[in-house]
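Scroll down for the structure; my scribbles are underneath it.
Just so it is clear, A, B, C, D, E and F label the chains in written order, and each chain counts residues from 1 on its own.
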Amino acid sequence: MRFAILVNEGPYQHEAADSAYHFAAAALAQGHEVSRVFFYMDGVHNANRLQEPQQDDRNIVRRWSELAEAHGTDLVVCVAAALRRGVKDEILGAGFRISGLGQLVEVGIQADRLVTFGD
Amino acid sequence: MRFAILVNEGPYQHEAADSAYHFAAAALAQGHEVSRVFFYMDGVHNANRLQEPQQDDRNIVRRWSELAEAHGTDLVVCVAAALRRGVKDEILGAGFRISGLGQLVEVGIQADRLVTFGD
Amino acid sequence: MSDEANWEDAGAVKRFMFVNRKAPHGTIYALEALEVVLISAAFDQDVSLAFLDDGVHQLRQGQDAKALGMKNFAPTFRALDDYDIDKLYVEAESLAQRGLSAEELIVPVQVVDRERMSALMAEQDVVMSF
Amino acid sequence: MSDEANWEDAGAVKRFMFVNRKAPHGTIYALEALEVVLISAAFDQDVSLAFLDDGVHQLRQGQDAKALGMKNFAPTFRALDDYDIDKLYVEAESLAQRGLSAEELIVPVQVVDRERMSALMAEQDVVMSF
Amino acid sequence: MLHTVNKSPLQTRDLDSCLEHLAGERLLLIEDGVYAAVAAGEASAKLRGPAAEGRVYALGPDLEARGIGHDALADGVEVVDYAGFVQLVAEHGPHQAWL
Amino acid sequence: MLHTVNKSPLQTRDLDSCLEHLAGERLLLIEDGVYAAVAAGEASAKLRGPAAEGRVYALGPDLEARGIGHDALADGVEVVDYAGFVQLVAEHGPHQAWL
């Protein structure tokens, strides 16, 4: 089955970014496809590669990058939300790309299920 | 009277960052001192100078920088919260500095009032 | 728009519901939900909007966020009709709890009771909740 | 620490209360509140912690966030005593609503009723709410 | 002490909890908290006691942003602007935010 | 349809609203939403009907993180892991998050 995921909150502040990641990883482990994760609103902060969490904490941006690398999942950051918050190409993590909101609606049409995580 | 302000949420997502700014501006306009604004948790995203809101929207990082420039208010970004979220010196707005949580407790002691904005 | 080309190839038409449950201005959720609705118009899907709980506050007339330096996005609801998005469902119980009537809203809506709202939700292919 | 030097010059001792009203893990508020409490120990103020509403969940025993890759910060409450922070007030009504008793908590606390909690809040010089 | 509530009264329990601890202190409604002050809304009844004693305020710019006219407010609720917010904190002591 | 609630039932009205619209559908409690499933808590009574029909689930890793043992759960609530979450969405159709 083909899943798409919408993430509306940033890393560390809310559990939403963690829940979205764990859901994606579990879907992939079951052999499903996760064709796209769309980062919207504060969700765009997930893509900031400058993140340096403490040693004993998870690295949220790296986790997403590794997931994209391993499974080809398309990590799309909403351009308008990102510009407003200062998430630019120069600080974007590996595997993320910046694009328009159309990418969210498109994947909502194409995927079998859209799963939303937010606050 | 000497005020200090604590901001726990980032720009644009929650009104907290706006409320904190308008409170600070109003206190200064009345002749009070706003000795420090401390940005904690997602509040650290206020300091990202890469923010580029749309033309008809407010520029939250610039607004803080101008306030600091005009009134000498100390804009302190929590180092641990900022590292974790990727808010580094290289993307820090004018007038902001990164320092430890001790700066929050210190100003809580020194100021006459500590006013908190968050979610 | 390349997005459009893609889905048109697939030929799919899905029932999309945008569920609005948050008040405007306190968070950006309401504003950003409307942005997605506007974009969705370009994809010729079967789009509807649901307003319940504090989401009904989004449709209050007379909102003016100028003093806060924030956007007045409520008038944009009036533009939805131009995009052929005309299924706006508002829950009667949510209005009543907040002392609002449909006449006080910024656009014409269909007021439905809770049971009907639940049924409408259950009919969708995609639900985006904000 | 230069921070300490500054306030010691001023000679001030203030009553600081940290008000914890949010559940742990769903948001970072609870964890970050505890970080400020630990730092505040270095400033020799009159520090107390209040737990009410969902904040009482922070003190549940047996929390284990390993499977989520998140920090287990609850054991840190046990360290507060080493920093001479021993005023932990927990609201009885909040415990009862959640089916919790003081014996189930990770550290010894003073259980107070709502009226006493209100009085304690009103006695403070600085309230930090999380 | 000045208490603030910034959440809608029909979405979270923050207003309820604040009122349960308000005792004789003052309450300022800000952000989405201002919806509580709408007379026609269910939540305004909860404010009646403290409002009658002149201890409940609502932030004007937040009311305007949400399309709530002053004539729609519950009896006894006083509207203040940001300058008034600053004065309330200055005069009535520590700020407690019910986040 | 699979509904999820991620907020504590004593902090927000999201669970209440979800249950008012649940009809015959399924509910998965995640994040702070799992507190609703604690039998000794006030909110668990609200789940009784759908739980008795086997339509209420709680996410295991979120229970563990919060120190809630499976023996503390209300009758009829089924614990699932993330794989189970994926299966629920796959089998029961569109996801609706009560954010």
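Observations on the model:
The rule we apply is simple: a contact is a pair of C-beta atoms (placed from the backbone, for glycine too) under 8 Å apart; a residue touches a chain by one contact, two chains touch by 3 or more.
In this text the structure is predicted, and so the values were computed from the model without any measurement.
Within the contact network of the assembly, the step distance from chain B to chain F comes to 2. Taking the CA centroid of chain F as reference, the farthest chain centroid is that of B. For the pairs A-C and D-E, the count of C-beta pairs in contact is higher at A-C.
When chain C is laid over chain D using CA atoms, the rotation angle comes to 180 degrees (nearest 5).
Interface of chain A with chain B: the two copies contact each other largely through the same residue positions, with over half of all numbers used appearing on both sides. Mean C-alpha positions place chain A and chain E at a centre distance of 38 Å. For this pair, chain D with chain F, the centres built from the Cα atoms lie 28 Å apart. Residue positions of chain D touching 2 or more other chains: 22, 25-29, 53, 68, 70, 126-127, 129-130.
Counting partner chains per residue, chain B has residues 8, 12-13, 15, 22, 41, 57, 80, 114, 116, 118-119 touching two or more of them. Each of residues 6, 10-11, 13, 31-32, 61-62, 94-95, 97, 99 in chain F touches at least two other chains.
Residues 22-26, 53-54, 57, 60-68, 70, 74, 97-100 of chain D are the ones that touch chain F when the two sit in their complex.
Against chain C, the residues of chain E that register as touching in their complex are 6-8, 10-11, 31-32, 35, 38-42, 60-62, 64-69.
For chain D in complex with chain E, the residues that touch the partner chain are 19, 21-22, 29, 52-53, 114, 117-119, 121-122, 124-127, 129-130. Those residues of chain E whose C-beta lies close enough to touch chain F in the complex are 10-13.
Touching chain C in their complex are the following residues of chain A: 6, 8, 40-41, 80-81, 100-106, 108-110, 114, 116, 118-119.
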